[in-house]
Amino acid sequence: MDAIILQLLNGLDKGGAYALIALGLTLVFGTLGVVNFAHGALFMLGAFCAVSIQSLLTISKQVKDESITFFDAYKEQPYLEIWWGDTGTAIIDWAVPLSIFLAIPIMLLIGVAMERGLIRHFYKRPHAEQILVTFGLAIVIQEIVKSFFGANPIPTPSPEIVAGSANIGLLLGLGESVVYPWWRLVYLLFSGIVIFAVFAFLQFTTFGMVVRAGMQDRETVGLLGINVERRFTVVFGIAAVVAGLAGVMYAPILPPDYHMGMDFLVLSFVVVVVGGMGSLGGAVSAGFLLGILQSFASMTEVKSIIPGIDQIIIYLVAVVILLTRPRGLMGRKGVMED
Amino acid sequence: MSIPAIRNDWAVMAIFTVAVLTAPLWLAPIGANYPDLLQKFAIFGIFAIGFNILFGLTGYLSFGHAVFLGVGSYTAVWSFKLLTMNVLPAVVFGTLMGGVFAVLIGYVSLRRSGIYFSILTLAFAQMSYNLAYSVLTPITNGETGLQITMNDARILDGPVGDGLPSTTLFGLEMSGYSGFYFCATMLIIAFFISLRIFRSPFGLKLKAIKSNQTRMKYTGFNTRPYLLVAFVISGMFAGLAGSLMAITDPLAGAERMQWTASGEVVLMTILGGTGTLIGPLLGVGIIKYFENIFSALNEAGLHEFFAFMPDWLENIVVAVSSEFVGEGWHLTLGVLFMLVVIFLPGGVMEGIRRTTAVVRNLSKGPEKKAAESVGKE
Amino acid sequence: MSDDKKTSELSRRGFIKVSAAAMAAASSPMFFTKGAWAANEFRNNPGDASSVKFGFNVPQTGAYADEGADELRAYQLAVKHINGEGDGGMLNTMKPLSLKGNGILGKKLEYVTGDTQTKSDAARASAKRMIEKDGVVMITGGSSSGVAVAVQGLCQEMGVVFMAGLTHSNDTTGKDKRRYGFRHFFNAYMSGAALGPVLEKEMGKERRAYHLTADYTWGWTQEESIKNTTEALGWETVAAVRTPVGAGDFSQYITPVLNSGADVLILNHYGKDMINSLTQAVQFGLRDKQVNGKNFEIIVPLFSRLMAQGAGDNIKGILGSTNWHWSLQDDGSKAFVKSFWQEYGFPPSQAAQTCYVQALLYADAVERAGTFYPPEVIKTLEGHTFDGMGNGPTEYRAADHQCFKDVLVVRGNENPSSQFDLLKVEQIVPRSQVEYDPAIFGGDLGPYEV
Amino acid sequence: MSESNIVLNIRNVNKTFGGLHALGDINLEIEEGKTHAIIGPNGAGKSTLLNVCIGRLVPDSGTVEFEGQNMIGMQPHEINHAGMVRVFQTPEIFPDLSVIENVMVPALAKRDGIFKFNAFSSMAGEKQIADEALHVLEDLGLGALVNQHAGSMSRGDKRRLELAMGLIQHPRLLLLDEPTAGMARHDTNRTIDLLKKIKERGMTKIIIEHDMHVVFSLADTISVLAQGCIIASGTPDEIRGNPKVQEAYLGGAEL
């Protein structure tokens, strides 16, 4: 029983991450009609926002290490700690949450620049060419990050206060053995908030109304004399911000490296398509569904019945859903079907 | 339009054959004339030509085509292990097995179109890759890859002598240049088949499906079998390419089936020019050249290359260009993808078409142009 | 031109077949001596050329790109030292030493590089380019066992010596060993053997271990080796769960550990998998846990400093083994670290050390053999004993081409004095303790002549 | 009239979309060799009726018998090969092919059936099909455009191409959905002449049309559809004089 609750939590947590990444992707699909293979790179850039903030905050004074005799080695002490003592240490400790505030404007800027500079010119081009250009862009972004930060993952710990595990078993009266990392609970909450915010934004603002209308029927909205172009730019910016935030918050769970975007790219496409093209709700439900199924498939009990099931579960579910529901969970007819 | 076209096709074949067979000569100046790279050009050429029959003609974007490549390779190595080191059974079985898998995957995936089709093919390929890498290790030898060993059965060959046997075509070893010429022959045959398909009524119907599938149904065609046949043909091409990989280098690894490998052939085809006969081959040439030659350049090599410059300039040029070679070859490839698709929608073939148009215009000469403009008035 | 090359290659092949047969009949060692006519006919014979080339085949893209870059730095340093430039590094400490600092057999050493991408196909393609186009006499490098086995097999077919880089699987010099392949790096068996006594001392004989294992050949061999060791100590293996390579989030594999009754978690992961699974395991509070009245422990059998960097603070206090560490105080290590530091401004990784040593060992073997003729070089390396290269007295065992030397048991440093000071050498386990019978892994080296 | 003369027999066809009654109990008989026009205001269900005939929509109830064979549940391509061919209102051409190829594809369908793997014969050898296509195109005044890219043609030319694609299959029954909509007067007249010529060859046609000039030039019989029901059927003269029709459709205006 405890094992099941824990796997459910794992699944929700994974699902939150999948949903956040897929949300931006499907938004761009649905409104702009662009297959964005650089979306994973945006997720990665978000994570590197956290890395950058952390390294900015820990710019250090180098002191020669006398214990090493046969060459010159240096000890490092961050200036923040030298100047402000414990306050400095605390600020460094909170680098990841602090990065959120920086990541929002930066990712918005990157998103807008990408849309204005490149994506805009590909609205009417065939999907194949969108794939090639965004894939090229993803590689370029990746290589630039690699040349600054190297190929190795960079540790970006969460604040000390949420570093350990919460005994939610005790909190909920389920017994002592249900413990779960605080940061993962924070992540789950955070993804819920972001998903809710995006939905609320689309539901309750006039801007959101136009975007939703655009997802239904792009041409008509254009005919209404609404400046769709500028709204598209903003939509792309929002997608970039959501992906970026997913990246920032994921950094303590998965130490960021330059290639992490590619690792998530295929998965996020599967999530979006299983959810149904152009459906935000579909993407979110598919994200959680796949996350939970993946967690349960990894249980030893399940693996002993079907060996290797945890390796293929996501794809297997994708195949089953696409064969039983032609347009995924909530897809609409005619979107990206040709 | 009929008779000149036929003569034209034979001319295309003749030029193509000569170009492929003399590749070791004309690729020498750019350092791409060593056997392994030549073999890779030919093998991936077959792969891309086959992919183009599906994607270029019908518009169905398979994102899991590498699975057939992998299956072809595994089958070929098993043929070496169980039957004989002769390459002919390997080629036949590899191609057929590619076809069998294509029938299975195609039959299911073609129930959907557009991106749903792409994701279905991707899902099948990723499942195959993940299983081959781990659970199916008894068949695939997992991460290490399936290799031939001393104690394989090889029932048609009898006991081996000292050391591992090589792949042969009735005694002719299939490594080095002989391996290339074998692959080249296959490439020429594959190109010929592709050319015939492009020019045939069948090909026209496939193009019509790409252009407007709904209309095809009301025109009296059952489009599903057409798509399945195209899918299977391109799967068999991939199987053939896979078996040739195993023939020139008898090791088959699971990563051949990973999505990145499927993505590579997509990129090759789009980069060269989707739906054109030669385009995919150009895409193959560019990507494989970057992967093998650009990745191998290092600063020492660059200094040699730019030695004619004054020292200070040489240093700057080397510093800048070294970001793009060696470990930076991915960056160059990414930039290239973007440039090509931004400036040449339609790929490299589009660039060639534009260039020839410009040249033709120039060669027309000013008088003719003047005459034309007068005529317009 | 191409046709010339083709025929010459064909005739060479046929020629060697015939000579191999003749040799088998004669089986005279004299046949291989210097200046014998057979020694003049082999692939990429430098002949009278004034220079020879090595092929450095390292991952330049992908997850191990940093490790590959460090390997390449080490190789470039080795080339300098062999050519008599720089301060000579380990040439000052290596015993015995035949190299004279004037290249190899008087020929200047040059090199070509290639990208393995940590993929068998790409690594083999790159190696083939080096052999067919660049005419290298030796190939070295790599950062994974799959690549090492793949390239080693190719080198056997092509008749070019392969000096493996970082590869830890038992298979490389076990089931998949090759006459033309040599490994200086230690292996999973040695990790287990070295860790055993330390684990016993630290954690006692009554422990319940839970394995998380990367689901491919290297992971399996390590799991097997560590299991053999710990079960011999009397530990119980609660479960051994296979995880997909590149899983990223390991939470679904970690939560079952929590209530399994296990009190030790063994992570048979390397690279990104190791960084992620360790980081997440610590987040799940495993290290703060008390199970069966004991402190819960995590063990990472194969450590590397580059990977430790990625795991950050999570590595602190965790036990593992490693091939070499820059803080070693023997003369060889000090000489190498000093010249590496001077050249690049930071200390070398264990991958760099093994690659540097491999390049030197090959060059030295050629110098001693007096020829580049591979069978001769191989015979010179087989059974070669040497010292002064950082791991104590070392032997290249003839039976499986595995180096036998001291193994380091390390622990994540609780109070690092610098960003490089992440691992503390806990114990230098003597070579005698990690030796084993080559027969246990099977395999067949294959012929000298190909 | 005898049963054998009836080419298309629509019996009690009903179709609803959600709550909307698109087709209500339609009964219609089309005689061989005749041209039957269906007229009616927008949204009367004319296109829905054609879609039911060619298998794009399945009716809730009723039968569509074509030459004695029930078409309900048959695939569109099977209906095509039975001899019922539709010419679409919004041009459903192959925009990426050349004009002549657009016409050769349906010709191939007629010859090759629903599937034929003729991958190794050359299009260049399909002289008969090419000549036939050229002939039809010239008939429709598209002779000068044969090698043009179909997607870049004017809308009117696309309509005519659409017609050519239907005609080349020599259907037993041709369903024309507003064949002259969007055409200039000159082209309309030309199309009328052509359709008259076809009629002389004995091809049966159903024609949906707004242009009364076209309807009265071509139709032998006319049905008037309003709100999914046939409110009148008869010869042009009968329809012209029917007050119900004038009421419902023509708003009392004189035809």
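So that you can tell them apart, the chains are marked A, B, C and D in the order they are listed, and the count of residues begins at 1 in each.
Simple rule for what comes next: a residue touches a chain if its C-beta (ideal position, glycine included) is under 8 Å from a C-beta of that chain, and two chains touch if they have at least 3 such contacts.
The structure presented is a predicted model; accordingly, all values stated were derived computationally and were not measured.
Listed by label, the chains that touch subunit A and also subunit B are C. With centres defined by CA atoms alone, the chain at the far end from subunit B is D. Centroids built from CA atoms put subunit C at 34 Å from subunit B. Averaging C-alpha coordinates per chain places the centre of subunit C 75 Å away from that of subunit D. Mean C-alpha positions place subunit A and subunit D at a centre distance of 53 Å. Under the contact definition stated at the top, the residues of subunit A that touch 2 or more other chains are 311. In subunit B, the residues that touch at least two other chains are 130, 133-134, 330.
Listed for subunit C are residues 65, 69, 215, 244, each touching two or more other chains. Contact between chains, per the stated criterion, is found for A-B, A-C, B-C, B-D. Of all the residues in subunit D, the ones that touch subunit B in their complex are 54, 56, 75-77, 80-81, 85-86, 88, 92-97, 101, 104-106, 108-110, 112-127, 130, 165, 169. Residues 1-2, 5-6, 9-10, 13, 20, 24, 60-61, 65, 68-69, 111-115, 119-122, 124-126, 128-130, 132-134, 145-146, 149-150, 153-154, 156-157, 171, 176, 215-218, 242, 244-245, 444, 446-447, 449-450 of subunit C touch subunit B in their complex. Looking at the complex, you find that subunit B touches subunit D at residues 1-3, 5-6, 9, 196-197, 199-205, 207-208, 210-212, 214-222, 225-226, 229.
If you check the complex, the residues on subunit B that touch subunit A are 55, 59, 61, 108, 111-116, 119-120, 122-124, 126-127, 130-131, 133-136, 213, 259, 263, 266-267, 270-271, 274, 323, 328, 330-331, 333-338, 340-342, 345.
Residues of subunit C that touch subunit A in their complex: 62-66, 69, 215, 239, 241, 244, 246, 248-249, 251-253, 255-256, 258-259, 272, 275-276, 279-280, 283-285, 288, 306-307, 309-314, 327, 334, 337-338, 341-342, 347, 417-421.
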